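Chain lettering (A, B, C, D, E and F) follows the sequence in which the chains are written, and residue indices restart at 1 in each chain.
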Amino acid sequence: MKRPVTLFTGQWADLPLETLAEKVGQWGFDGLELACWGDHFDVHRALTEPAYIQSRRDILNRHNLACYAISNHLVGQAVCDLIDTRHQEILPTHIWGDSDPEGVRQRAANEMMDTARSAAAFGVEQVNGFTGSSIWHLLYSFPPNNFADIERGYEDFARRWNPIIDVFEREGVRFGLEVHPTEIAYDFVTTRKALDAIDNRPGFGMNLDPSHFIHQFLDPASFIEEFSARIYHVHIKDSKRRLDGRRSILGSHLNFGEALRGWDFVSPGHGDVDFESLFRALNRIGYKGPLSIEWEDSGVDREWGAQDALAFIRRIDFTPSSAAFDAAFRTQ
Amino acid sequence: MKRPVTLFTGQWADLPLETLAEKVGQWGFDGLELACWGDHFDVHRALTEPAYIQSRRDILNRHNLACYAISNHLVGQAVCDLIDTRHQEILPTHIWGDSDPEGVRQRAANEMMDTARSAAAFGVEQVNGFTGSSIWHLLYSFPPNNFADIERGYEDFARRWNPIIDVFEREGVRFGLEVHPTEIAYDFVTTRKALDAIDNRPGFGMNLDPSHFIHQFLDPASFIEEFSARIYHVHIKDSKRRLDGRRSILGSHLNFGEALRGWDFVSPGHGDVDFESLFRALNRIGYKGPLSIEWEDSGVDREWGAQDALAFIRRIDFTPSSAAFDAAFRTQ
Amino acid sequence: MKRPVTLFTGQWADLPLETLAEKVGQWGFDGLELACWGDHFDVHRALTEPAYIQSRRDILNRHNLACYAISNHLVGQAVCDLIDTRHQEILPTHIWGDSDPEGVRQRAANEMMDTARSAAAFGVEQVNGFTGSSIWHLLYSFPPNNFADIERGYEDFARRWNPIIDVFEREGVRFGLEVHPTEIAYDFVTTRKALDAIDNRPGFGMNLDPSHFIHQFLDPASFIEEFSARIYHVHIKDSKRRLDGRRSILGSHLNFGEALRGWDFVSPGHGDVDFESLFRALNRIGYKGPLSIEWEDSGVDREWGAQDALAFIRRIDFTPSSAAFDAAFRTQ
Amino acid sequence: MKRPVTLFTGQWADLPLETLAEKVGQWGFDGLELACWGDHFDVHRALTEPAYIQSRRDILNRHNLACYAISNHLVGQAVCDLIDTRHQEILPTHIWGDSDPEGVRQRAANEMMDTARSAAAFGVEQVNGFTGSSIWHLLYSFPPNNFADIERGYEDFARRWNPIIDVFEREGVRFGLEVHPTEIAYDFVTTRKALDAIDNRPGFGMNLDPSHFIHQFLDPASFIEEFSARIYHVHIKDSKRRLDGRRSILGSHLNFGEALRGWDFVSPGHGDVDFESLFRALNRIGYKGPLSIEWEDSGVDREWGAQDALAFIRRIDFTPSSAAFDAAFRTQ
Amino acid sequence: MKRPVTLFTGQWADLPLETLAEKVGQWGFDGLELACWGDHFDVHRALTEPAYIQSRRDILNRHNLACYAISNHLVGQAVCDLIDTRHQEILPTHIWGDSDPEGVRQRAANEMMDTARSAAAFGVEQVNGFTGSSIWHLLYSFPPNNFADIERGYEDFARRWNPIIDVFEREGVRFGLEVHPTEIAYDFVTTRKALDAIDNRPGFGMNLDPSHFIHQFLDPASFIEEFSARIYHVHIKDSKRRLDGRRSILGSHLNFGEALRGWDFVSPGHGDVDFESLFRALNRIGYKGPLSIEWEDSGVDREWGAQDALAFIRRIDFTPSSAAFDAAFRTQ
Amino acid sequence: MKRPVTLFTGQWADLPLETLAEKVGQWGFDGLELACWGDHFDVHRALTEPAYIQSRRDILNRHNLACYAISNHLVGQAVCDLIDTRHQEILPTHIWGDSDPEGVRQRAANEMMDTARSAAAFGVEQVNGFTGSSIWHLLYSFPPNNFADIERGYEDFARRWNPIIDVFEREGVRFGLEVHPTEIAYDFVTTRKALDAIDNRPGFGMNLDPSHFIHQFLDPASFIEEFSARIYHVHIKDSKRRLDGRRSILGSHLNFGEALRGWDFVSPGHGDVDFESLFRALNRIGYKGPLSIEWEDSGVDREWGAQDALAFIRRIDFTPSSAAFDAAFRTQ
């Protein structure tokens, strides 16, 4: 049994879904993870226009593509975040509204509930995304943090997301947080604390994306083993450290792709993610879901890259064994 | 010629200067770098009470201690920062005032000017400290930064600090920014940009503290070589990476000293700073100023640690050579 | 000239030879290294049933498969071992007999002589296998070893194997010990001592299997260079160290494939064997024999794995050069 | 508060205790960990001769030496071991007796109970030692282990040691197993299983000796953190890996000190143990017991070495901090 | 846009161009970089025989091969070198002449001018080659160098090469020095000094060959970034360090291919060159010229190797991106 | 038994012996290795002036200094070298003479014979030095070497040095070549070949100086083990690699001490020499001669450095063990 390989459409939202699906189908992917932006998957039309969902299905079917998950990172980000002008750039107008931070956060929360409902309507049981965080800006504790404030950040997360997850669980859909800087959980410690804050309820798990672990020096395979019951979806994305004593691992306030950054996202297989160990860990926990390529590499043409990534995954995603070691040595 | 070894008093502000100076003198230090908090060095009394400065001198003299620099990190931090409740904890009441952010920033800027004046009055030509930063919270670009905002952060720094440096230059005192996360400059790239923003004027240089380089994977010796003309003061402080695939280099929103952090400050010689290379670089640029131990190690008793640090520096701060290599081989 | 690639059938003994040969032929292998267990190669039938050998040849020929070596690891293991219940599981009934240890050892020795004879009858000049060891259990010297006992272990090996090798040399067949933990030779030092014990006679050489070197931190290419005259056969098998400070290189008494082991066997090219260096060393010593894939990887499906391994070897087993470097620069 | 530094007398049993204590006292040690062999501490005389215990105390007092623990490794080893001739070399005659393995094991078990009683009589609450193991010889699973046999090994350990620990707990003495190859627990996995087998009862903990972790590539500081409640005593001993691609980490059946071994014990501070991390971990768990130097280094004179080790520990065993980080920054 | 892949013919000069071109065309290369030795490209015939150039073009065209550069390493080497008997082996008779060193150097210089003229006549704008060096033998400063002599070596280079580059610039052809031991520039420092010596004039740049950087521990990607304006041509060649504590990085006066050397040239992708970083650096500077495989590997058959190298480059030479990162996230 | 620590006077030849001896005696050294230049040890006066030798002894005795070896590196260098102007700088006038290369070489050879004679007269049995080499300039084989020329270099060495060693052996003095770039032997391979060339005669051995191994990536301890019978004298000197991808290990034709070199000599204990392993290897071969500090570090004041080096050696030169491991565990 081979796991399906899908493409996450978030970085291709400038293309109409029809155009993208045609390319992706020809490249040989098994499916798409639809982003809830661009024209790829519109949460509201899915809930209100009877024909909309079928139109999406038709496009996918025409190109032999399945859909195992939809993703709404941008709206999810606004649920817990301290809102600033950057959110206006990535949020739909009806959520940004009058720009009042608390209003933005509440509208974003409602939209995430609708995202669960629209996924259910679409027949998809997985929604991936971000949570935002009210305490991210306290990352480096200077001026010295009052660490009770940090605890309040996890409580804020629980207060805002528990009602959202109520809807998810009611709809039979699971949320997969992409553990990532700027989210409530971005590493082992913060994932433990975030899960604790919501009593580790089953409606909330992870969309594992190993690329965000590399610049933190974290091991994705160990993460899979520790949080095995909450690995709900997997992104295939890579990252490379480029440290030479002059480039900071913190990124120097430089944009992705700048030569002087200490690390950058790269096409899968071109970076420091140990996919061999990652796939062995996924095999051990029995993960059977899609491997969804989230393609970002500012140094490579994306069409070349998406195909290169697919070929890479096809070559190394091995089938797990079913037999015991040395069983063939036994004489009986 | 051996460089003097001083102790930065910032982490000892709970002790009266008299008590501290007695200990430090007995331990064998050459001097103190006085913090402008606790009762160590009061900027206002230095400017307004004729006897105050002499009272500081008397304490130092009684214990055979020199003073090459005073430091005002906490107030400097507020000059560019977005102000939050954490600043209230570290700022004097007269600067915090009514807590209006812009008011706090302006009062802090004025205080830094007074710090220069008080240093001059005290006969000290070096003030160390922080600058704060209006863009630190944009460190990880998600939601994606508008990078013009980053440029505006450097402009804001220049706008706020140029008038301060005017006073420094007028007073014949130099400011030494401790390159450090949360400041306008925390690595090579941001130091270049910060210096560019103020036209690399001589009143503004660096208090090199290698401990802030380790978790960023930066090489302090290379920094000394690149910015040789602006290395005005040196802190001796160490840091250790404790990465095991489960601990994040970003710190996990955990306080210093917590077992699960990916790095921590440690007593000099107990961490990853390559002091051998650092001292060779200082020798190459001809740095003759103090080596000022800023002692922070949450796992070690500070009195044991300060003495251990002094012994460490005494053992490895070697005198540079004055003769050419192999000169003794020549027959004439 | 490319070296033939064969599959060692030991881990496939649950399949009838006919079934296996069909698969292996379709996958594109050049031949099989037949195990003397399962129904793959029966030493006694080969010596007593006139049609048996032809029946094996017929199967191989039907699928375009050659045979360069047969292997009898399980019986060989019993020749020097201290016999315990584990041997009963892997030995044929006629060798286990009444379970008296010395009887088992002698019957195993005789069977190895017959293995040489049957190989000769089959037209194959190479038999691979194990020797066992009477001193393996003394590996960690506590309670402290009497090291004269260790010497006696090598003498015991020579006493038991010299008569076996007499038969091998008479039959024109060579024995290839797979250097491996639990054998009389498992590393450089013990190989030197084992070869010395039998005066380095030509009938006894090595089946080099690099996978057993990895968890010992040994370099297979150096082994090839030191024992170049005794490299009689080569297994292609890989192994990966998975050390993280909590997993022991000694294996923790855990079965292969367990997540907490410090190392494990993996499909060729997925582990720590440096095949590039290994092939260059084989080229340098002029090894022209088969590359025999011994496939073991508890995390991968074996049919996927065998084909993946074959493709891997085809891609990297390069032809050695025949021309001198820079010869084309000469003007004459 | 500095932890006392003691010397374990096991490697000095050729010297009378009086002679040794005089040397050790002069070298400046704080105490001795007495071995129950040589004439250092005789379990039977301690239980039967009223003046014996006072005679030991007198010797110690004369040289200003304390005693925090006694050790009976050699007898403990025989409790679970498969007995062979090597045990005869290290066991007292009354335990070896007629050499019948089960008899030896039972007499050894009784002796360990008496060791607890004699420690109590001596006023010492800690006994260190070994347990032996009935499954050590199954370390490398070839012929393939029946892993149910491995489980039976842990059960055998529990069956034999529970009655011994009953006595320990009754006497108010704790047993400290030195986690070590050839014992029931030698790494993280086997320690977990051994503790589980006896329901993690408090009478049984560990004498942490980091030297046995190095050749297994295990991290002693992580061990201290995982088993913090069971770290009852600490040996200071070091080990060095000497891998060069030709030397096996398994030891090649060579005696300690041989040049071709892949690792060897060395004087503390001369090897690969990270004592800095180890001491920080001990500080974190609040370990206040002795640091007991077990000195073994076949390349160094032991008297030079013991003093070098003491100086090393005195230099690096730092006092933990009692204050919070950055506390001195607060304005109130 | 993919860069063309060519084969440098220098190591194939024993084959007539017709024979070589047929092979190379069949293997799928895009072109040839013709060596000015063997019968591949004769500088004099190109300048004097009207039909010669067309004959070379015809051969190339017949096999669909382009030519972007010609190379004259062997003659270039003689321009600055101290001449010894080794030069006789690699120089045409008319340049060696009477063997008087200064005469050889001047005839070589003239020949390099003619090489520029013949390239122009051939319609090729790039000539690669060597410069030689009068100071190479002073590499290790013992007996201690007079470093003024080193400066004179750069002046000698400028004096001899400026007139040659005059011709190049007149002809519209660029010279590409292959930075390489024994040349005036072989690393970063010497490249800076060599370029300074000729005022960094545009007619003189580099043929970047990363294989010569590996044994010097230099990073080719950093070189590309520092000298971006002078990267005129790229050789694809690889090298591997084989250090084991007994093999010297200096080469031991052993010929390439000897087992005991500390490093050796290997087929591209089989060594230590980081081609991923190299191609990203070439993308960043906008290099659009050929990737010319200079194939040398004394352990591999050259025909197998050339095809393996071509396949390697085709697989990893990725197209650069034209879009900004995260652009698809924007809502407008 | 501690080995004596001496100072090699070569880098102090600008000081009169009397001045130097006074300093060195006060610093606590055990002796001097006298250089045959400056006024430290004059070969001719030792052979011709009856009182000269006594005058040297008197100076040494006055400061409690022994002498175990004299050294004549500079003259030895000229015996095989191709002579250039650099030799004039380091040779006495009577050897440079009319500058005819062959004359210089022969006069240098005679002087080395006299050095043996003067050592014998002085009662010293060890002379250290260089041999020079006629083939050093062929180090990098381009233009490609005729490797028969390399062989002729070893023959030239044997032809010139055999008569010198005849004198050494006659006088009961041994020559110790400092294996070093520019000498006939500078690594393992060339040492083997040089010793072969003179039939490994006992009069010719090595002055081991580990600093010359570091930039070649050679292991001094392995060298000691391979050439154990020819380790006649030991220099304590250190070297540090400073590779960062931009600095070449070849030295860039930069003088020692320049910031951009890829490696440099440093004070013992400040570099990459593993003195722990080196001393263990010396212990294993039973070396009992002096440890002679040859102090060179262009970044450190030499008087500070010599004392620092002495303290370093005193701290780590441990006495070897005389007892067997675990001997104290035996019950009999």
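The rule we apply is simple: a contact is a pair of C-beta atoms (placed from the backbone, for glycine too) under 8 Å apart; a residue touches a chain by one contact, two chains touch by 3 or more.
Being a predicted model, the structure only gives us computed values, none of them experimental.
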item	value
Remotest chain, subunit F as reference, centres from CA atoms	A
Selected interface, C-D versus B-C, where C-beta contact pairs are more numerous	C-D
Recurring contact interface, reference B-F, options A-B, B-D or B-C [over half identical by residue number]	B-D
Between subunit E and subunit C, distance of the C-alpha-averaged centres to the nearest whole Å	46
Subunit E and subunit F, separation of their C-alpha mean positions in angstrom	40
Separation of mean Cα positions, subunit F and subunit A [Å, integer]	63
Residue list for subunit C, restricted to those that touch at least two other chains	74, 89-90, 143-144, 219, 222, 244-245, 255-256, 325-326, 329-330
In the complex with subunit E, residue positions of subunit F that touch it	74, 77, 81, 85-87, 89-90, 135-147, 149-150, 153, 180-182, 186-190, 215-219, 222, 226, 243, 245-256, 260, 262
Contact footprint of subunit E on subunit D as seen in their complex	244-245
Footprint of subunit B on subunit D - complex, ascending	219, 222, 225, 276-277, 280, 283-284, 318-332
Subunit E to subunit C touching residues, read off their complex	10-14, 37-38, 74, 89-93, 242, 244, 255-257, 259, 265, 267, 270, 296-302, 304-305, 308
